[in-house]
Amino acid sequence: MGQYQSPCLVLCMNTLITVLFLIFAALILTSAIMTVTVKNIVHAALWLISSFFGVGALYLLMEAEFLGVAQVLIYVGAVSILILFAIMLTRDLEGSQNRQLTPRWWIALIVPAALFGLLIVPTVMTHAWQLPPPPPAGQPPAISGAQQIGTAFMREYFLPFQVAAILLTVAMIGAIVIAFEERERRRRVLTLVEQVRLRQRQQQRQQPAPRPEPAATAVQTSEATGGET
Amino acid sequence: MTTEIQTETTEAQTTRGKVYVIDRGRTKLRAGQGLLTGLEVVFRHFRDALTRKLEKPSQQTGVFTVQYPEERLKLPEAFRNFPILLYDDETGQELCTSCFQCQRICPPQVIHMTQARDPATGKPVPAVAEFLIEYDACMSCGLCAEVCPFDAIKMDHEFEYSTDVHGGLTLNKEALNRPISYYEKIAPTFWAEVKDSAMKKLQGNMKRRPDLIGVAPQMVEKIRAQRAAAAAQAPSPTPATPEAAPADKAARLAAARARAAEKAAEATPEPAPDSAPIDKAARLAAIRAANAAKKAEGAADEVAAPATDSAPTDKAARLAAIRAANAAKKAAAEGAPAAGSADFASTPSDAAPAADAAPPASGMPADKAARLAAIRAADAAKKAAAEGAAPASDAAPPASGMPADKAARLAAIRAANAAKKAAAQRDGSEE
Amino acid sequence: MTDILRSWIGGALPDWLIVLIAYLLVTTIVLFYAVGNFIMMVWAERRVVARMQDRLGPNRVGPAGLLQPIADAVKMFTKEDIVPRNADRWVHLLAPIVALAPVAMMLAVIPWGRGWEPVDLNVALLYMVAVSAVSGVGLMMAGWGSNNKFALLGAMRAVAQLVSYEIPAVTALLTVVILAGGMSLLELPYMQAGVPIMGATILCGDPAGCSPLLYSTITSFPGSPNEPVQALDLGLGWWVFTPVGFLGFLVFFIAALAEGERTPFDIPEADSEIVAGYMTEYSGMKFATFYIAQYILNFALSALAATAFLGGWQGPGVAALANMGGPWVHVAAALSAFYLLAKIWILFFVMIWLRGAFPRLRVDQLMDFAWKLLLPLALVNIVSASLMVGLTQWTSAQWGGLISLDGFAPWQRQLIAVLVTAIINIAAAYWILAINQRPKQVEWDEEELIAAS
Amino acid sequence: MPSMTEAVPLPWVLTLAGALFCVGLFGALSRRNTVGILLGIELMLNAVNINLIAFWRYLEPNVVAGQTFALFVITVAAAEAAVGLAMIIAIYRARQTVNADEVDSLRG
């Protein structure tokens, strides 16, 4: 933008930012409400994605660029896709059109409403926030960006960073173990070549009819029974 | 990362030449090498397709696309799509004689034709009046072209007939007609095979077509102009007018045929012991003589003699006999305008002398047959000459000692003479 | 752009309006540029792949068939827009938009030429990756909203492929982040000045005797983060010429093929198996929107690959022209834009080439390829990239006294780093390929199988 | 350059985050579908993140703690989503339902 500054620019930009904030807030809240109320679970997931987008935009508005992009990458690109996949894989065909809310949903409504109206709003509004003084005009404020985050992860937050990495690995392995447990039970589908070879071996076994030594048989059977039990 | 290919070549001699079988064995490719090879092949195709066309089958790369409306593949001669009719470039005469063979054989029954008739007499002539082919139902089997004895219907190479008017695909004779030169261009070797016989047959047919019948519609104007010009240049000969059909012409014709018969007889390797061809030739001569006589006598309408000269003798003989019989029958049916033919017109047994002549002669020795034929011819001539002309007597000399061929010739000559005389008499009487 | 506008119409309009107009203008130009390229790409793909198959391709509409895409667009416009009766109407409607919008957003951060950067985002690389992942949601919406089994299958395949190939792609891009020391795309072409392999490490000995046509001032390159130096600059110090960059480029480009659903990895829309994948139930302009999204995604990924590994707009002559100053800077900008475009098109040609050459992978081969080949290679490459940075930039203090390269000249350090990383990468690639090529043992439990049959 | 700190007061952002949290809580409490519950939890985590970023931006923009914590939250959320969805799939395979009310074999 250069160094060209005018009073109108600052004022107009402030108005613009306010308007943008209100738009994003409306987007976030509308999408969130639709997420929790809409009947179709796929629609709910899509509304959730819209809400994620609003949050990402809000991060960008708050000049947390890395967080905003990470929000889009992780939530929109990964988590929501994961959720959509889970929905597709667990489609409850008979129940999808049923009531989505629990019978006593009004109790579930009262608690958050009370929390919001009685606790959050009064606290937030009345608390005296100690905001730092605004930076002098013409000098950009010192905002920590991606490089500072990276440095922090390698220095003071090194341990949490590693723990998070382990957590992710564990979660990934755990998810695989939980979700794909069943695959081991599935019988392997043989290829044609394997089928042919198997048949050949069966014939070979049947043809050399002479019985093996009794000792060997005994060992084999014992092994087999041992394996079965 | 080299490709190790164990190449083993075996050679085999087959009926189609040497065949090389290359056993490449198992190629040992490292990871990704096959992919690179594939890329290289594709790039070679890409590069060559930018610069050259695929012309020879041995070529592996190059553009093979034929940009159809602008470029066309050369069609093989045997390519067939829809049938067309041929006509002679110079005379404009169509080759078709409306023999109905094609109409009969056509599997989807899309060929229709009507035979041309002489407008003066109403008699059919060997030409086609109208010819229709429904191209929209034609299955391009080519059977019509196979079966056509006159090589008049051939399969065309043209295939762009797409239209939204269905009825427009029923083509009439004018649309079907193509000059012979066109067919010669699209199928030179095929035409060269049949050219001579087809043209000869056409020559024969042309003689039996009066006026402009049998001339391709698109050539009519031109031919008429040509004829008018020819008439203006040389008025004296005045050929081919049916009224004139004078006796001397008929006589010349008969003589020519007799010569031909003689030639045929001579052509047989052993004339004396093998009598069959000879007596046939004799019979033929007799029949022709009868025909000539009949014509001269005054049927007076057409030059009916078929162009059977080139046919094998025995066939020709049979054909001649049949035609003679037909001619006689027709003459009888028409009520015989010539005065003197009343008696053989009234009694069927007498009405077909030539027809009678042929069958009994088969078993006879050659000379006898010849004589008999001569006699019968003479009789016919005599009868025809109703005025009771004397010269008929010299038409039947015994001629017993002569060789068969001579007898035949003699018979022919005599018959011709008789005919001539009869004609002269008739002309005289009419005048 | 803002400055140019300001100089033209500075007094007439308020400042915020000029800024707005400038942004709108840049957006419009970039989008038109992308769509124009899309049109040319469609044409080029059909023509080139036709030549590869010994055909001619479309050549009827306009000279050499150049107007064929226009004709196709007109056809698309006039087609009926069909929505299946049982489809989820809104999802079905929104899916193409959700698929196209993020792809168009990717174009915002690419430096199209020297000084021609729409947006300078300091997390641009991550932004590209993140935004390209969003189009997966659009594909999922298309698949689910169509209420068609082929569409759903195609969408599941597409998204699974997108997600799994994002990992090697991001890992490959990480090498660039390590080399550049940041995620800004803007800086990348400047860092890839110099000569092949050596980069901008051949310094000028005598500042007075160095021609500005051959030497230019390098402010930010890995060898000298602090003070600007004069270095030999042919505009060819692309990272693809170094072992790290080469391996990273290969991995990223292959992953980009998969993300763009180009042919060796086109199972999401395998028309011989599942009609057209998630696009099955789309017609007319909605279908065209998917089509555009796909090509622009390829275009943007090619641009990203070119910028990250092939020097972006960097090329011979750009720096020299820029050093001449005055109006030549604009010529340099135009030349650099041409270089980037040429690189994008060469990459696109390679995509077409691969399409002409290779058959489609199976799903398991696809996953094997991503997880067993590309990802290990990318991970090894990260180690190499770190070594490269350490060997070329770190002081002995940073090494903790382990290695001391302080006495070497930059080009010597570069050479050492190239050799070391080359050895590591080649050995790793050989080893990983060998592991993957080891013939599989056919394993089964014979007793159980015999019992079963 | 004007920034959000001047244009929008902090309590607005915190109120937004609180509202989002409460909506998420309502979703998590009221949904019968297990996936729906997960969606609610994701919303709540996002609200927390908004809070963290807002505090960072408004109070201590030059310290990375806020962003770092937000990133950890995102990490945990991703892990939670992965494991949670895997569990849902496993439950679905075992019981052919994703309804939280019907998964009650541990009820006394």
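Annotations
Each chain gets a letter, A, B, C and D, in the order it is written, and its residues are counted from 1.
As a convention for this text, a residue touches a chain if its C-beta (ideal position, glycine included) is under 8 Å from a C-beta of that chain, and two chains touch if they have at least 3 such contacts.
On a predicted model such as this, the values are computed, not experimentally measured, just so you know.
Counting only chains that touch, the fewest steps needed to get from chain C to chain D is 2. When the C-beta contacts at A-C and at A-D are tallied, the pair with the greater total is A-D. Chain centres were defined as the mean of their Cα atoms; on that basis the chain farthest from chain C turns out to be B. Averaged C-alpha coordinates give centres for chain A and chain C that are 26 Å from one another. Chain A and chain D have CA centres that are 10 Å apart. Centre-to-centre spacing of chain A and chain B amounts to 91 Å, using the average Cα coordinate of each chain. Chain centres here are Cα averages; for chain B and chain C they lie 77 Å apart. The set of chain A residues touching two or more other chains comprises 1, 9, 13, 66, 70, 78, 85.
Along chain B, no residue makes contact with two or more other chains. This structure has the following touching chain pairs: A-C, A-D, B-C.
The part of chain B that touches chain C in the complex is made up of residues 30-32, 35, 38-39, 41-43, 45-46, 49-50, 54, 61-65, 67.
On chain A, the positions that touch chain D within their shared complex are 1, 9-10, 13-15, 17-18, 21, 25, 28-29, 32-33, 35-36, 41, 44-45, 48, 51-52, 55, 58-59, 61-64, 66-67, 70-71, 74-75, 78-79, 82-83, 85-87, 89-90, 92, 95, 99-102, 105, 107-109, 111-113, 115-116, 120-121, 124-125, 129-132, 134, 140-144, 148-149, 152-153, 157, 160, 164, 167-168, 170-172, 174-176, 178-179, 181-182.
Contact residues of chain C toward chain A in the complex are 2-3, 6, 14-16, 19, 88, 91, 121-123, 126-127, 129-131, 133-134, 136-137, 140-141, 144, 152, 156, 159-160, 163, 166, 182-183, 442, 444, 446-447, 449-450, 452-453.
Those residues of chain D that touch chain A in the shared complex are 1-8, 10-16, 18-27, 29-33, 35-36, 38-40, 42-43, 46, 49-50, 53-54, 56-64, 67-68, 70-72, 74-83, 85-90, 92-93, 97-99, 101. On the side of chain C, the complex with chain B involves touching residues 48, 50-56, 59, 353-354, 356-358, 433-434, 436-437.
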